[in-house]
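The structures considered in this document are given below.
In what comes next, chain A is part of two complexes: it sits with chain B in the first one and with chain C in the second one.
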Partner chain A sequence: MSLGELGQIFVNAVLLSGILALVALGFSLVWGIMNIVNLAHGAFIVLGAYITFFLHELLHVDPFLSIPLAMLVLFTLGWGIQRGLINQVIKAPLLATFLLTFGLELLIVNLINFFFKADLRSVTTPYSGTGFTLGSVRIPYIRLGALGVSLVLVAGLAWYLKSTRTGRAIRATGMDLDAARLTGVKVAAVYASTFAIGAGMAGAAGSLLSMIVPFDPNLGGTYTQRAFAICVLGGLGNVANVVIGAAIYAFVDVFVGARLPSLSRAVTFAILVILLILRPQGIAGKSA
Partner chain B sequence: MKRTATVSLLALALALGALPAAAADTIVFGAAVSLTGKTAKEGEYTRDGYNFFVDKINEMGGITVGGKKYRVEVKYYDDESKSERTAQLIEKLINEDKVTFILGPYGSAPSGTAAPICEKYKIPMIEANGSAESIFNKGYKYTFAVLSPAKLYLKGLVDLVIARDKTAKTVAVLGENEPFSKEVASGGADYAKEKGLTVVYQELYPTGTQDVSALLTNIKAKNPDIVLGAGHLQDALLIVKQAKDLGVSPKAMGFSVGPSSPEFRENLKGNADYIYGATQWTEALKYNGDDPWKTPKAYGDAFRAKNPKYTVIPYQVAESSAAVIAFWRAIEKANSLDPTKVRDAIAALDIMTFYGQIKFDSRGINIYKPMAIEQLQPDGKKYTVFPANVAEKEALYPMVPWDKRK
Partner chain C sequence: MKKGLAVLGTLVALALLLALPRFVSSYKLLTYTRFLLLALTAQGWNFIGGYTGYAAFGNVAYFGIGAYTTGLLMLGKWHVPFFPSLAAGALLAACVAVLLGLPILRLKGHYFAIATLGVAEALAQVADTWDSVTEGSTGIDLPIRSDGEFFYYTALGFVILGLFTTWAFARSKLGYGCVAIREDQDAARMLGVNTTLFKVAAYAISAVFAAVAGGITAYQNVHVTPGDFFRIDYTLQMIIATIIGGVGTVIGPVLGAAVYQLLSTYIWGKFIELHPTVLGLVIVFFIVFLPRGLMTVIGRRRKSGERPFKASDLLANVRAHRVT
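Showing the complex of A and B:
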């Protein structure tokens, strides 16, 4: 492997890490704070992709500019779902929320299928595929932009959770539900905000993915799977853990893919299994 | 008043006449196709192709067996693009719905799981969308495919490049890790070697991959003249997108599946230019068949008239119609609805259709029909460029490198 090739593979992995971090960010937040494994996360991502796609196709809105709108729509939807549905079963055993989010994912995916058909779509702009070259390493603008957006959102969420009142309430609820309640935190509202933020992040991830991969209504499942793997790899409880998990996932996927592409998924998940045995709390997670 | 009365009387007469006929004199075909999941689109093409010819048979009065006309119906299930589901549904079609003829699912993997079920119950299946030879090397007697086998898919593109460019020497092949695409990939690579080219890269990627940058980085370093992709539409789109991202610019880039469907250009816009696609069939081919349409063009026009949402007719539609034609001709020839007798008639079939010749080798696959190659050109259209005797237009070769395009 030449040095240039190695550099390119490294850059590919870094660019992929950013997008995957954003894919897993909302999923990790919802899981960490509310102990809900949101199986509808991928469906939210797909919704974000469709919002960006239609804004670009029908109104010629630049895909990067449609990200805030996709986030807002998904945020609102997430809020509604948490308030109207999930809060009703939040005290029930884990299986109930599993079933509920699983049902939601089927519902959303089938509705999209019904309204928009199973056609594959991509957002293709005049600058799609263009980029610049550093030595022999090529860096496509869209992927770089996506990395930038991801970093801003990851950092933004970290700041929000650390420095704002609601953010601290969210973290407090995740740490100790009863103590949070005793200090006057309105748990139902905090849960709704958390789920809404998670959905909003999924919306942003969907917007970015619509420019990068061809998608159809069924794309979400594989991204829920990835988000899950990333959370397990990195561990829950901290925004930085998501970034670490995403980086491990991306580097393994890309580097194994460069030599043994047919085994890339098997190796990635084998690492996941080994890690679960050795460090069940994740690489960066604190042991209980 | 009088007019209304006549109309209602007529309607009543029709209804009375139609009811017993529908119950007794109908041949029901069973089909499990992917209407949701990864290959939902192709499944839809398959279903539309089946329905188009089934409707035509009914319009013409039905299938004649023993001097009696039978209407035709298809009982569909959705296999959700999961091949284990296909097997269950075929079993259900045979056992519960009591169908005696099966039209195949979409794809090689589901066709492969459907075949042993048909074998077990001795129910003939004609499939139109599974061309992996692994299905046909198991000695099944009841499974037939009207389409050309997988290993022939990319052969034409190799021939095309060799005919145009004596300096082309190297080939990179990347394929999806599933039975059909694996055979396409190795068939293409073997043929290239046979023709004296060097295969500098040959790898498989997992089904449903979301990133092929690693493979393309590797390929770029080897700087091949030809890049051959063997996968499905989503993969082909991803490969072209990322090839542009990474500046992979071979002289020719072609795919087994993808470029023939209209979504290829819709997704890639101008980036689809110069890309080649293998195809089982195009409307530009000059066949003259013995069926209600005879020529590909006439078939295409008739199909569009009935299904206005199609502007271009994907080959999956045509081959699916061809599977129904094969059943129709075989049942009439057998002059019986007995599954075993119909099976023998299918095995002996040799007909020319708008889709090309339909004839099965001893394994049940149609090796007699050649594959064609299409190219998407910068005028926004797609042309059949190979084989030369049926080509509409000359291929634009070599592909203009990504950074030299406006």
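Showing the complex of A and C:
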């Protein structure tokens, strides 16, 4: 492996880690605050991708401009799902929410399949495929833009959770439900906001992914798994952990992918299981 | 009195199932065989997921191991008969479950669930890549046996065996220990339950059931591929069937499998394209309204003074778990 090749792999990993951080951000928030592993997260991502795709296809909206709209639609959907369904079983044993979100993912993916067909789609703009080179390393504009958007959203969420009233209420609820309730936090509303923000972030991730990789309705499952892996690697608890987890995952994925492409998923999962056994709180997480 | 009624009901159901192949077409018999095989996997999942309370999401791995072991032994240079092959598959699945269970059963909650999911995923990829043994994604072909009744009665035999095993398990030291682990693992350990041993045992038993079902399915389907035999759908089906019937009960998984197969077959026929949507709705309905399954509707015990199940209890189930 030459130095130039190594540099390209490194840059690819950095570019990938930005978008993966956004993929896992909402998932990590919902898990950390509500203790729900949202298996429908990938389906939300796919919905975001379809919103961007159709806005671009039918109305010629630039994909980067459709991100806020995708976020808004998913935010609303997330709010509704939380209020109508998940809130009803949130205190039930883990398996209940696990299966409920799985049922939702089954439902959403099948409906997308039914209405939009299982064709492989991608958003192609005039600037798709263009980029610049630094030495022997190529950097596509879209990937750089996606990294920028991801960083802005990650930083924005970190600021929101730290500095706003609702943000603090969300964190307080995640730390201690009963204590938060005693101090006057409306837990149901906080949960709904949390889930809605998580879905909104998934929508943004989907918008960005639609420009980078071709997608179809069944793509969601892989992204849910990746989000999970990232949360495990980084640990739950704050936004920085998600970024660390995404960076580790991206580097492992890119390097293993360059060496053993056919076994990349098996290797990634094997690493994950070993890590889970050695450090169940994640690499960056604090021990319980 | 109530208990006698339950036993009588079970006996009548069994008699009907035994006589069934005389009355239905061979095509319908296939559906019933599928129901029995699903019931078998659900019975297996019930040990680890129901009694021990560990959300195992990778039991399809043992289904696949059973299918491949049975298939490979019956093929090629060995030509081992079916039942010894099936037993070998079950044994291998149990060994793998013990080896994997020792590390991953230390995990809790979501982490355990995803670790098992990962194991299933990794095994599927191994089966897909290990060309020299599994023939990769092309798969292997078993000897053909087009005798529907043979598969039906084999599956029925194992389901009945499964009922007895579950019944005995629930009344054994092992079963009580597993339930104690489900309710409070630390307390169970303090009372002297060897938690690791009990959890691994329950996990291995569940693997044996999945492997037997996998072996029978492989022989019946003739063609075994990683794509067909490591599908996460199978894991979900066994979990959903158990939940529909009632987790941690003896008859629950079989009852749930019957309801699931009935719904599935009916929905298949009516809305082929929207099948997963309706399935998703069924899952959502059961989780929200009947989280503890149909057995809570049927099997309310008189002696503990509970009144019979009413429709209003559906809403009470919802109210018990929601946050306001």
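As a working rule, the second predicted complex is superposed on the first by the 288 of 288 C-alpha atoms of A that agree within 3 Å, B and C clash if a C-alpha of one lies under 4 Å from a C-alpha of the other, contacts with A are read in each partner's own complex, and residues count from 1 in each chain.
What we mean here is this: a contact is a pair of C-beta atoms (placed from the backbone, for glycine too) under 8 Å apart; a residue touches a chain by one contact, two chains touch by 3 or more.
Everything numeric here is computed off the predicted structure, so don't read it as measured data.
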Chain B and chain C placed together on chain A: clash or fit? clash
Worksheet entry | Touched partner set for A:175, first chain B, second chain C, both or neither | neither
Name the contact category of A:16: first (chain B only), second (chain C only), both, or neither.
first
- request: Pick one for A:85: touches chain B only (first), chain C only (second), both, or neither.
  value: second
Message: Per the contact definition in the header, classify A:253: touching chain B only (first), chain C only (second), both, or neither.
response: first
(message) Tell me the contact category for A:65 with respect to chain B and chain C: first, second, both or neither.
(response) neither
Practice item. Could you say whether A:98 touches chain B, chain C, both of them, or neither, answering first, second, both or neither? Key: second
Message: Touch test for A:222: chain B only (first), chain C only (second), both, or neither?
response: first
Superposed model, chain C vs chain B, clash-positive stretch out of 184-192, 202-210 or 220-228 is 220-228
Residues on chain A touched by both chain B and chain C 110, 113, 262, 265
Touching chain B in the complex, chain A uses residues 1-2, 4-5, 8-9, 12, 16, 110, 113, 118-122, 124, 128-129, 131, 133, 138, 140, 142-143, 212-214, 216, 218, 222, 253-255, 257-258, 261-262, 264-265
The answer for chain A against chain C in the complex is residues 31, 37, 85, 87-96, 98-100, 102-107, 109-111, 113-114, 187-188, 191, 225, 228, 232, 262-263, 265-266, 269-270, 272-273, 276-277, 280
Note: in the complex, chain C contacts chain A through residues 49, 53, 55, 103-104, 106-111, 113-115, 117-119, 121-122, 125-126, 129, 236, 239-240, 243, 247, 273-277, 279-284, 287-288, 291, 318, 320-324
Chain B contacts chain A in the complex at 36-38, 40-41, 44, 174, 177, 203-206, 208, 210-215, 217-218, 220-221, 233-234, 237-238, 241, 244-247, 263, 266-269, 271, 402
